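Two complexes follow with chain A in common, the first pairing it with chain B and the second with chain C.
For the complex of A and B:
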């Protein structure tokens, strides 16, 4: 065992350190299509102080470090592109405080979405957070780090808009609190009314610091939840339909999907909307408002509410929805990846045309899914392809299709979400040079040794 | 090509105009009713073609067998007058497309048709069906496709129904007991109206249940409950079998409440209304219907059609009335549930 290994073992304990090939194999890859690259070491710390020591060691020895949540981004964000130390955050899974009156929760950097959901349901049944549709093991800190979206995104924006404080370990090994918690014992604001410094960390994929605590806002959890699906064969009308729906301010979450299989979904676009209420009367009032908002489209026969069969509802109402995982195995072999640019809602038709074109061109199973962000302010459009991991040719075709998606998205005015390294380069090539210069200055100042998740957001 | 047997002169000499006069969704006087149906028969436009909500009831109201609803449907299709949003129609047509995923039991000359309703795969068991089961068929290949008259699309029926008939023919069945009365209506009513030959005897499951219950009368324990009956749209295609509802209730000791919206006056479950016409019509009809059940102290709401039960079963239950399918009710009467 070399000196680095010995030092890391001393920091986290023997049971939570590895430099063995089994762990190296596992931590070299994520479930997506990015090529693997092995780390030299894997550590699973339990305390912030351990992370501080690891970072100081890495800084002193100029060893790359990659913080990792559940590793589910699919775009290779936690693949250690230059080797070094992967810091697996899963043991830091505590729920530190729920402030019921102030409706926020402080969790550790490795706390999972599923754990928080279960904890709130058991102990604070009137509170909820914006849970994404990733598997329940996905972590809260990683999700806000990548500007994830969740069930409350149509109402409150990106999940990163819902945070109310951070604690980070900087490249120097120092901890730093961001937001009201920097001054006050209360974690109620991520910045306002002071300068908002969260932007130094969010979206940087760990290239400027490691989130060790995050506070996220909680929202009312109503007793009842229901789902309606409005379908249309006019993709060009989707933006107008979504606009009318968001105008009602009666909907919890809005997703739009189109896919060729099973037959029930063929040829149409499906606006799935969720509504909540504490009473049947509240739900019915919202339902009426929603239906009336789309009445014009029903009268013109351009769309209608499909009857959602009772057997379908539990699947739709699940949070997170497991149907996403089922889609991943359509081609058998469990391969699934999507590119999900953030783009204007008025690009919906262009997006679905592109996903169909690419699905046919590369002979891939496909699905197009949009999650509305804010009151129709933007959408995440998921160009999703499913492939067989045992079929290298199919995987190659998927890579090509995704590359074309990236080119299309940028051309259409979109911005890559959880961008791959290649997409980061494409984005920076198109970026305003002064913005790029600012990013370079931030990165160089915050990570002077270039050890923080190197390969990501590197400005040449 | 199959064509509808419609006689314009039957309408011209109609003494009542009942097809439209009795309609619960249109306000029409006798003279107007007759005049409009003649216009429709002659290929002219009519407000009926635009305002009909596709409840099927005029097929029953016309006691002269002239198929007013099929005619309205045909003319709508010819003139591109949509009843439902295009997406809804496409979705339903896609759902019904045969995909080779049908299921066959141990098919004998006498067979139960589950149509394309998966509920029956779970529901059909016990003494009531032991003299036929496991002889059954299920799947799109045996789906009657009649639902498309809601969507003003008879061409898909004319295209698919003969193939469905052929699928039955290939199985060599002699008698088919249909567990969904839309399917029964297809083979006993619609197919003859279009000149489609049906090579087997069609049996409505109400008639089958009635006869089985008589055979099992020693097992029957009167239920002594008050129930409302939710009559489905497709029951209008087989009104000669409607009496079996009362007959079965009498056999199993169910007091069928005498409410406003029953028999001729039955109201739609609104599943189709909401898809085709939006919130207001569906909500109004559903509310009146369930209010009527409540006002007459119904303890149970008996469903004939699983789709109706899916549409308003929850709403009925929320008003304190237990939703139950006819099959389950009969099984309950012989102590199986």
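For the complex of A and C:
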């Protein structure tokens, strides 16, 4: 065992250190299509102090470190591109504090979405967080780090907009608190009215620091939740429909999906609207408002409400939706990847045309899904393709399709969500040079040794 | 390898690690080791890598595969259509390793002892029936039921008491039962789970022939592991018998008043054995028995029934101890969860669970606050 291995073992304990081929193989890849690259070491720390020591060691020895949540971004963000140490954060999965009156929760850096959901449902049934549809093992810290979206994104923006405080370990090994918690015992604001420093870490994929604690805002959980689906074959009208729906401010979440199979879904676009209320009256009132909002489209015969089959409702109302993961095995091949650019809602028609075009061009199973962000301020459009992991040719075709999506998205004015290394390069090539210069300055100052998830957001 | 055409289909989404409501990680090996490689998804990806010669059969790979408690939490919670095969896939990979002859020493020793002695304890067959001393149970001849006790119930001191309690209750209820005594042989459930398919087939065929020769039609098992293998694996080898776990027989007898009970004011929580619960869907019979005891308050642990957390003894780990001890051992986590209910007794319906949880209580120094009792022992304590 070399000195570094010995030091890491001393820090986290023998049981939670590995330099074995099995962990090297597994942590070299994520479920997506990015090429693997092996770490030299994998550690599973329990305490912030352990992470601080690991970072100090890495800094001293100039070894790359890659913090990892559940590794479900699919775009290779936790693949150790330059080897080094992967820090699996999931042993740090505590829920530190729920401030019921202030409606926020502080969790550790590896706490999963599922654990928080279960905890709130049991102990604070009137509170909820914006849970994404990634699998329940996805961590809260990683989700906000990548600017994830969730069930409350239409109302409150990106999940990262709901942060109310951070604790990070810097490349120096020091811990740093961001937001009101920097000067107060209360974690109610991520910055305002002071300078908001969360931007130094969010979207950086660990290239500037490791999130060890995060506070996120909680929101009222209503007693009832229901779903409506409006169907149209006029993709060009989707932006107008979404605009009317968001104007009502009556909807919890709005998704629009289109897929060729099963046949019942083909050639149609399904605006899925989730409603919440404490009483049947509240739900019915909101339902009426939604119906009125779309009345004009019904009268012009451009769409109508679909009765949601009872068998379909539990699938749609489930959080997170397990059915999202099932898409990976449509081709009985366990593979699924999507590119999800953040883009204006008025690009909906262009996006769905593109996903159909690419699905047909590359002979791939596909699905298009938009999640509305804010009151129609933008959308995440998921160009999703399913592939067979045992079919290298299909995997290659999927890569090509996704590359075309990236080019399309950039051309259409979108920006990449959880950008692959290639997309990061494409984005930086198109970026305002002064912005790029600012990013370079931040990265160089925050990570002078270039050890923090190197390969990501590296400005030449 | 069987199922080689499935292993690539795991997306490693991780639902397999959880309970259905995400209360906690529920895969005992992942909960203990915390590397993704020790989760069901990790195993799937590593088995594929091994089959593709991207990793070798190493000591760690063996630990990863043989620490699996075959508890079927992954089967219960995996979202894919191949979920039913997950444990079978892990067992098939073990079979390949057994065929290669490269397996962990405790597994090798276990299999060797079964082959040579017919039991893992290296005890003579003549000792098998000794648990029954003091109760008037006869050797099986033409009774309605064969009461099959199994290796643990025959040789382990703690489990022998449970066997005696069950046997006593069945007799008290007037059931026509007989035992095999020194003619009893290993049922093979753990042999199968540890991947020795050839030895398993040999044991199963031997048992089936023996049961047939004796005219056995109905079997009551002490151990859910034997119940599982008789019910699910023997039919494929021609051994079709009516198989019951003892709680399934006892529940209607108690409910119909054939075993009168006095009031017992105790607070009990029930731990579902994986091979009775998730593997065979029997969650109610033990609870019906406990609920039939006057004064007994049954409280559920946070994780129960399909979400029950395994004691860590399944898949051969009871004998091989590859999953191992320590603070994060499943049994120690489980007894702390039981303590949280405020119960004074953890009821079990499996001698392996009883032993695992008993040991965990000692390790946690909870002896004065919590006790492990088999359902049959609780009933025996509450007899009129």
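In this text, the second predicted complex is superposed on the first by the 460 of 460 C-alpha atoms of A that agree within 3 Å, B and C clash if a C-alpha of one lies under 4 Å from a C-alpha of the other, contacts with A are read in each partner's own complex, and residues count from 1 in each chain.
By our rule, contacts are C-beta pairs under 8 Å (C-beta built on N, C-alpha and C of every residue); 3 or more make two chains touch, one makes a residue touch a chain.
Just so we're clear, the structure is a prediction, and the values are computed from it rather than from any experiment.
> Does the chain A-based superposition show chain B and chain C clashing or fitting?
In the arrangement built by aligning on chain A, the partners chain C and chain B fit side by side.
> In the superposed arrangement, does A:302 touch chain B (first), chain C (second), both or neither?
The first partner, chain B, only.
> Check the residue A:377 against both partner chains and state whether it touches chain B (first), chain C (second), both, or neither.
neither
> Could you look at A:389 and tell me whether it touches chain B, chain C, both or neither (first, second, both, neither)?
second
> Scan A:333 for contacts with chain B and chain C and give back first, second, both or neither.
Once the two structures are laid over each other on A, A:333 reaches chain C alone.
> Which partner, chain B or chain C, touches the larger number of chain A residues?
Touched residues of chain A are more numerous for C.
> Between chain B and chain C, whom does A:280 touch in the aligned arrangement: first, second, both, or neither?
The first partner, chain B, only.
> Considering only touches as defined above, state whether A:10 meets chain B (first), chain C (second), both or neither.
neither
> First (chain B), second (chain C), both or neither: which does A:267 touch?
first
> Quick check: superposed on A, how many Å separate the nearest Cα atoms of chain B and chain C?
It is 19 Å, taken between the nearest C-alpha atoms.
> Per the definitions at the top, what is the overlap between the chain A residues touching chain B and those touching chain C?
Of chain A, no residue contacts chain B in one complex and chain C in the other.
> State the interface residues of chain A toward chain B in the complex, per the touch definition above.
Its residues touching chain B are 231-233, 263-264, 266-269, 280, 287-288, 291-292, 294-295, 297-299, 301-307, 309-310.
> Mind pulling up the chain B residues that touch chain A in the complex?
So the residues of chain B touching chain A come out as 82, 84-88, 90-91, 94-95, 97, 99, 271, 274-279, 283, 310-311, 313-314, 318.
> Within the complex, which stretch of chain A touches chain C?
Residues 15-16, 18, 20-23, 25-27, 31, 42, 44, 70-72, 88, 90-91, 112-115, 117-118, 121-122, 135-137, 322-323, 325-326, 328-329, 332-336, 388-390.
> Inside the complex, what are the residues of chain C that reach chain A?
8-15, 17-19, 21-24, 33-37, 42, 45-46, 49, 54-56, 58, 60-61, 64, 79-82, 326
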